[in-house]
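Next come the structures, one after another.
Heads up, the next two complexes both have subunit A, just with different partners, subunit B and then subunit C.
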Partner chain A sequence: MLPFLLRRLLQLIPTFLLGTVVLFMIVQAAPGDFLTQLSQNPKISADRIDALRVMYGLDQSGLVQYWRWLTHFLVGNLGLSFSANRPVWEVVAPRLINSLVLVVISTVLTYSLAITIGVFGALRPYSLADRLLSGLAYFGLGIPSFFFALLALYALVVVKQNTGWDLPIGGKTSGALDDPGFFRNAWDVLLHALIPSVILALRGISSESRFIRGQMLEVLGQDYVRTARAKGLGSRAVIYKHAFRNAALPLVAGLGALLPALIGGAGFVEVVFNWPGLTPLLLDALGTQDLYVVVSTTALSTLLYIIGNVISDLALAAVDPRIRYS
Partner chain B sequence: MTLTVSTRKRTSSRSLYQIAFAQFRTHPLARFGLLILTVLYLAAVLAGFLSPYSPTEYESGATRVSWAPPTPLHWQSGSGPPGLVVYGIKREVDLLTFRDNFTEDRTQAYPLRFFVHRPEARYRILGLFSSDLHLIGVAAPGKLYLWGTDNLGHDELSRVLYGGQFSLAIGVIAAFISVGLGMLFGGVAGYLGGWVDAVIMRLTEVLTAIPELFLLITLRAIFPVDSNPVVVFYLIIVILGLIGWGGIARVIRSQLLSVREQDYIAAAVSLGANNTRIIGRHMLPNTFSFVIVAMSLIIPGYILLESGLSFLGIGIVEPYASWGSLIRTAQDGGFESINGRPWVLIPGLFIFLAVLGWQFVGDGLRDAFDPRKRS
Partner chain C sequence: MHKAAVLIVALALGGATASPFVNPANQSVSAPASVRTGGTLRLSAAGDFDTFNPLVAQTRPNIPELTDAGGLVSVDPNTSEYVGYMAETFSLSADKRTYTFTLRPELKWSDGQAITADDFITSFRIYAADEDSGLNGYMSDNGKPLTYKKLGALKLSITFPRGAVQNLETISYLTPLPDHVFGPAFASGGAKAVNDLWPINTDPSKLVVSGPFKVSRYTRGERLTLVRNPNYGLWNKDSAGRPTPYLDGLQYTVVKDANAQLAQFLAGNVDVYQPDNRDKLAQITAAKTAGKLDVQLMANAGPNATVDYLYFNFNLASSPFKQKLFRDVRFRQAMSMLVNKDAIIDQVLGGLGVPAWTSVYPLYSEWVAPNVDKYKFNPAAAAALLKKMGFTKKGSDGVLMDAKGNRLSFTLDTNSENNRRQQIARLFVDEARKVGVEVKTNFIPFTQLISLTTPATAAEKADRKFDAAITGLSGGGFINPVGVAATLACGGDLNGYDQSPTCLQPWETTQYNLYLKSTTEFDQAKRKAIANQIQQLQVENQGLIYLISQNAHYAWDSRVEGEFPKKIATPLWASSYFGPRNIALTWLSK
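Coming up: the complex of A and B.
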């Protein structure tokens, strides 16, 4: 197992390096840099801007800058955010955690509901309930996430006006609480995160439930399932112990690419609901050409993809007895 | 001894595409999707004819009509010929809420006319035919806002129809670019193998590792946010095309790897065919069924991404409109916009329909080419 892990990590290192090089080149390709906007300000003299340029290292060539950033990144120093004048990690970490809150809640919702719906649809194919759920799945796939978020806002405001039921609409916490305890604060954040997570989960549920349904239908038609039933195995054992374990294999294999897709996918919903996550930070940083925030954030997510891939490979080996990494 | 030729009935054989086409036609969802798409694309091509105004027409000053509700049509059968009629719009500022109230002025009636000429709203169909004929209209100073207006007073119906031109075209063109790049890189990687293969596969992994939205925003930021809108249009197409070729390249490569060992390739090589001929004439045509299905499944994703970018303000910008930017205008109006003026969210419905149509068609094509799903 360990040599396999090491081999896998070695394979993914060129991907990581290539990804960061590509990103660095893209961000540097934009004309000007962070100090360009400062040069518009007449109060800042040209000498000061030159001094800042040397201090930030923006006067070096692209290669030197990249090397410096890479060596710092590998020891944990993600660079300096120019606009916030603080280390990038201090700026990015809270945003990353906020995004992860949404991602974790929506992932839990997605998989628990998708598996339930998918298996149910496979057990009663083409029934009325199955057709209804398939229709809803098409609806969930077709509707843009930001549009659905706006509709949800509309519905929430109407509900609030008609029933006085106050569901939080935007932001992460209500500013109105003075000095809340930890649990009160956590409950508040959870309430705020609920609607965005549900909207995020919708698309995941739509695609995963159809996928699981298709896989289950295929597996349920196999001979060994027929044998198990003929043997007299109870329905529950056949479905969950035999059929679902085989149907879920591609699902486990796909977990690796899930994490970066989720973090990026939370973007539009974060913008609509004013949730302080990674995407609003990235949009601001791109507007001001805050080089290290952009590169380090995206490098972090590349790292997450690599880690997620290794985890999904391990999980696949644990679940699929045909795969043995020796 | 002469051989007698047995008179058998000639068995008809069908090619793969004929079989797939016949399968596709029996798929009810796919037919429905095709119908939706036909309507949407026809409406986009004929946008100039179907919209009463041009998308950039608005009035400012005392006669401005921002955020007007949809103009109600009335059936008038009193004096004058019977027909649909629109009343004049009067704008009053409500002194309590400081909102604009638009009321009908029943003293002025403008009949709805068909096939009107409006020289101030000329358009070109497909860039070829120029015309100023519009399907419906009312005589000035009457106003026909069937779906209301936006914050500046543009007619929403015209903006949605013209916006469809952008949203629908970008999806298709970007998909062509992605598929072209995917076939090129996948073909090269699959056929040449070795280090070329390894580098291209690492590149596709990089594309998967970086979150799509982040990559899009980063690529967009290479050009200034306030670039020329036409440049931005082509830029969005190229960017979308650049991020999507990875998946296609990987599948084409794996298909080529399996085809490469076949006998007919060895025969072609021994007959002296060069690399280009083998790849282009023998190997790649086998991948067409996958390419057709992949394209129809990529296009809805691109339509969603483009509308998302326009929603964030870094896609199609003024003076052009795309469905995503129309929703952005709706959101910029604040809660009041969505609450008091729900008609501004109509473009979202169109995005939904376009994506749904392409998904139905894509599913239908996938089932049509699947040899296990013959009926």
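Coming up: the complex of A and C.
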């Protein structure tokens, strides 16, 4: 196990370096840089822009900029955000936490509902309920999450206009609350997080439930399951102790992607629902070419992705006795 | 007895000279007697705020603009004249270069300190020294600096290098900074130290402002809460003598997505909203007519102070054929005759816009010269003109060619974020194809487009890498609406067609000289005459082929009262933050 771990960690280094080099090159390849938008402001003189260019290090070659960024990143200095004029970590950390709220709630929802629906679909395949759920799943897979979010927004507005029922349609907190206590604030944030999380979860539920259903169907048809039933084992033990554990192996392998997803933000749902998460920040940074916000955040998630893969490999070895790393 | 009499007279005189600024009753539809105080106005902002520091704030909306009262003078929308705001009285010298101001004695910052001439003098020094400040450009005129002198505790004078008509407008932009905060920082650390003051994580109670509201709380990316500044009401009253503002505070929610902003207004969570296209306007109207939303809607209040225009690149050294073509006035006139502005307004704006013909925004209708539509939509005339230029043959693909075989084909760029301009481009492509002109489109991000049209180095400016582009302009003052130096000067920062530092064609030189002449012409009738001459040059030479101005629409919750009367409720006087109202006189009925 230990040599395996060591080998994986050593592999991490060239993978990470290559990934960040490519990332840096792509961001630099975009024409212009952060200062291009300033050049349009007639009140900022060309000399001033040149001075800013030196200050931000944008006048150096790509290689020098990359080396500088890398050496800082490795000691925990993620660089400076040009727009906010503050360290990247200060700007990104609160957004990360906000995104985490949405992602955690939606992940819990996703897996609990997906497993239930998937197993149910496998136990009663092609029944009316199964067909209905499958149809809904295909629907959910086909609609992009931000479009779903826009539809939900429209529905909420119509509900508000017709019934006066005030569901939060955006933001993280209510403006009307003045200095609420911790629990009142937590409840308020939870209410605001509910609908974006549900919409996020819907997509996950659609894909995971189909996947689990397929896996379960395959496992339930195996000989050892038939043997277990013949030996008189109870239905619950057969399904959950034997069949599901084997069906869920690929699911465990996919858990590694959860770690970067935790910081990856919740995508466009955050933009539509005005949730102050990571994605709106990244979109702004991309638009203004705020170099270090984009590069450092993506490098962080690259790192977490690689680590997450190692963890899921280890988890797989723990769950599946057939797999042993030498 | 004698002493008492003197004292009484002195007191009476003192009382008589106590003169706060009075917000006139003709700026609100509500009489002061019917007004109720209290309540918080809810607004939404499309972007996040970046700093509390007035010198370096870049975003729109930005916090210093919300919390600063203004400057020495302000405009009375009913008369279009400048009146004293922080200044009680002011006068102009005989050579029209020096203004002398006497400040109101009641002026106070939010922390209780008095606003005095020292604040203004220090502010001017900082603005002149700090190149990062947005107001730095106003402290000099064509390279020559403004000078200023403190004449007393409440008296100061400002002298301009030229007696230009925009000088009072410039003065109205120069808002004071608190001397007791910015002065010491500037003295010890210069421009850098003052720029570093008041970053976004400053405790709001430390901020010192002059405006009707001050920051109470700010959560980044979420919400900005402002409360009433009681010291503002000491020198700002309504016509009944009551202190303003009537509101308890403002609340800005940061909503980045345009659909979400509309949804917030439709759900009744936001009080003031400006729909900017027909679709949003239709949704609000539908909700209002169905009785689901209690709002006031002012559609088509007038054209906005914006314009879109199309231009060709005079600096295309790498393609001599195209450069010669674009510099040929007949070509530009022909292209102007291929722009179907009525179709653009109808299809792109849904009828909610007006055509533009010169650098004077259609909003300033009295300033638009006569007969500016000389080269209006006329494909037959365009084809004839192109034929006269030598494009007589048509290739097998239907594209015009000259005798040497050069095809009449070019690429039109515009920014990918702007749907309106892309649709305009496509309409132009269609019309051009009908007469045999091939136009290819290229929609690129704004920053990339700008780096093509206004590159940094002189070498790049001589050979800019684009053929034609559609961009636009917004803002500018009402004193001399014919334009600003940046657009009319050759090589000016906002000049799209000619970025070479010396004028390439005689009309460009004439245009700029006429503009300089107009800035020193104080007689409005004569200034209009010069503006007409400039506009005739623009019409004849089509350096910028002006396209359209969108109409402005305003919507607000019915509980928001005290808006401008109809006469002044136009985009000319409406605030970009609050719409057609004076925020000091705004009140909430619910």
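The definition used in the following text is that the second predicted complex is superposed on the first by the 317 of 326 C-alpha atoms of A that agree within 3 Å, B and C clash if a C-alpha of one lies under 4 Å from a C-alpha of the other, contacts with A are read in each partner's own complex, and residues count from 1 in each chain.
Quick note on the criterion: contacts are C-beta pairs under 8 Å (C-beta built on N, C-alpha and C of every residue); 3 or more make two chains touch, one makes a residue touch a chain.
This structure is a prediction, so every number in the text was calculated from the model and none was measured.
In the three-chain model built by superposing on subunit A, subunit B clashes with subunit C.
With both structures placed on the common chain, the touch criterion links A:48 to subunit C but leaves subunit B unconnected. Contact with both subunit B and subunit C is seen for A:150 once the two complexes are overlaid on the shared chain.
Judged by the touch definition given at the top, the superposed model places A:272 against both subunit B and subunit C. After overlaying the two complexes on the shared chain, residue contacts for A:94 are found with subunit C alone; subunit B is out of touch.
Within the superposed three-chain model, A:83 lies in touch with subunit C and out of touch with subunit B [touch as defined at top].
In the superposed model, A:280 lies in contact with subunit C only, and not with subunit B.
Within the superposed three-chain model, A:36 lies in touch with subunit C and out of touch with subunit B [touch as defined at top].
Of the two partner chains placed by the overlay, only subunit C lies in contact with A:160; subunit B stays clear of it. Once the two structures sit on top of each other via chain A, subunit C runs into subunit B at 59-67, and not at any other stretch of 59-67, 113-121, 185-193 or 203-211. On subunit A, the surface patch touched by subunit B in one complex and by subunit C in the other comprises residues 30-31, 150, 153-154, 157, 271-272, 287, 289.
Listing the residues of subunit C that touch subunit A in their complex gives 42, 48, 50-51, 131-137, 199-201, 219-223, 225, 251, 253-257, 259-260, 263-264, 266-269, 287, 292-293, 445-448, 450-451, 454, 456, 486, 492-494.
Across the complex, subunit B is touched by residues 12, 14-16, 18-19, 22-23, 26-27, 29-31, 138-139, 141-147, 150-151, 153-154, 157-158, 257, 260-261, 263-265, 267-268, 271-272, 279, 282-283, 286-287, 289, 294, 297-298, 301-302, 305-306 of subunit A.
Taken together, the subunit A residues at the contact with subunit C in this complex read 30-32, 36-37, 39-49, 83-86, 94-95, 150, 153-154, 156-157, 160-162, 169-173, 175, 271-274, 276, 280-281, 284, 287-289.
Those residues of subunit B whose C-beta lies close enough to touch subunit A in the complex are 202-203, 205-206, 208-215, 217-225, 300, 304, 307-308, 311-312, 324, 327, 330-331, 335, 338-339, 342, 345, 348, 351-353, 355-356, 359-360.
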